[in-house]
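Could you have a look at this structure, given as structure tokens, before my questions?
All chains are identified by letter, namely A, B and C, in their written order; residue positions are counted from 1 within each chain.
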């Protein structure tokens, strides 16, 4: 029945499907929303997609868009350099919470400070997934990770968009959505790209699930996501 | 057109004339004037751009970003900055991105001096977790800073190995005469690397996947090295002793050869200009006729290691004159060699 | 070939004096090479400047023994002990208070007279050129004026003072 086939954006690369993300991972949900936005805005022929090292690297052949992996934490500066050289392109930096807020923190802060017109999507699953589930800047206090076996409370949990709000340009766009509320997230992604088209910085954090490293079953994953959506404020931060 | 300029200013001028469109950099002595000079150029010329980044990693990756978009971009650094930039250079090596970096060597070991050394040879040639698939020019004078910058951009975009001008803090800061001549050169093969249909990765899953790529790169590197290698030989035709030196030390060594020849010593100089790929064939040809080799460098055997690695067939006595982080005047080289006999 | 070493502290105008000399030589049709040599402090640390002038291209920026050595401060003396021999002509600016007992054939102490200390580097420059017969007075004067265009625009008196120092 032709009508029941899901409508995939034309920028989806069929040869790389099925994708390599874990069952229950938030990435494919985020990427599907991004793909739809690109399709609906008609910008596939001028979008440049850059991914970090971490689970985001698995998206290197997800789209039929010019894509490059970078080094860990260096996606944003590469995107900045590319956009400087070719302002006509829409440049997207697709990274994890480690790439955005730990090893790449100074690049996130500086790109925001400079109001570089790139769009950063931070897929936040509160730990370092690809390397086996270690502490991340967004790990919550009670959360058990392989390097915080009894949780942590000595230092805060990083709220990225809130932190950047203080140094962002008035016309920048900062928001936090959730992979499990995809249609709302989709609106943020669209607004982020519109922000880039107007020459300003945008960053959208998407709370994401990692059942593999959370060691949660489906029900527990949904519950955990519900908790995280309360700890991390969803909405337009700026 | 003769000018009186500082080495760093000359590098910026050469980059502009050679067709560079963007510079990314972080201030670090002794290279900072390159960034400053370029930033002045950007005031008048709106077709070029500059970004002073938050650190050297951002500079290196910003440069990569611009190259991916098809714009010749470059950076300048030295010392601890060179260390940090290996992150970016490693990726450029893996993805064959035509970056151009001007390395103004300063004292080795940590922050050290801001002045001079030849202790970044190993780092610039083989830094990062790579295999040294790089093109490295070691310049010896203000005029060469100019001439080889043109060459660096041309060869980077043509052959697609990360390319380096390996100079030092003396060449950076010295002021003298240079001919900013018009070098008729149009960069070939300049176009966007990241374009429709291109998905680049530097992360692989299984051993054999990357193993094959590395072997292919090595084959290609070996095939083209003859087109990349450069050297200079001086008075080696009837020499018994050969000095081997690079960069500004080679400049001083050349004068030392003249001084020593006046005193009857049959001595000459072999100067590798490209340290990668090392001009091994030429070295073998010239040096197999001498009786002794003296390697002089402002480091602890970094040039010497490169030399021995490439010229293991040459079974001649080698004497190393090492002065890490300290320069050699021509007279000093001559006196040291005399005292060896 | 003539080799001049200027030695003083950051802030004394050591580098400016050396640069003017090197540039003047270039404008006078000679080959010259100048290099600064100092540490990381912006002020106060030892500041050396090497200038080599010749009829043919100068290859290496530093040298073993200076033909002319100009000392701007007491604190730089320790650093330049290896750079002179008996033949070196040594010049001391008014800022040098320490008693110098180098074994050299020529040791000149410049007196400050009415010149303020911000012009002492120019006094030294003039003396170096006089002793070394390096470049024409006219070219040296022009090079100095060009170097200080902005400063002289703001302060005509400074221009008169500097030119007087150069001649004296």
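Going forward, contacts are C-beta pairs under 8 Å (C-beta built on N, C-alpha and C of every residue); 3 or more make two chains touch, one makes a residue touch a chain.
Small disclaimer: the values here were computed from a predicted structure and weren't measured.
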The chain whose mean C-alpha position lies nearest the overall protein Cα centroid is chain B
Maximum distance between Cα centroids and chain A occurs for chain C
Cα centroid separation, chain A vs chain C, in Å, comes to 60
Between chain A and chain B, the Cα-mean centres are separated in Å by 39
Cα centre of chain B to Cα centre of chain C, whole Å, reads 33
Among chain B residues, those touching two or more other chains are none
Chain B contacts chain C in the complex at 4, 29, 113-115, 141, 170, 173-177, 248, 251-252, 254-255, 327, 329-332
Chain A residues touching chain B in their complex are 13, 45, 48, 53, 57, 60-61, 64, 66-71, 73-74, 77-86, 89, 106-107, 109-110
Per the touch rule above, chain C residues touching chain B in the complex are 19, 22-23, 26-27, 31-37, 39-40, 57-64
So, in the complex, the side of chain B touching chain A is made of residues 21-22, 24, 49, 51, 53-55, 57-59, 61-66, 68-71, 73, 87-88, 90-91, 95, 192, 194-203
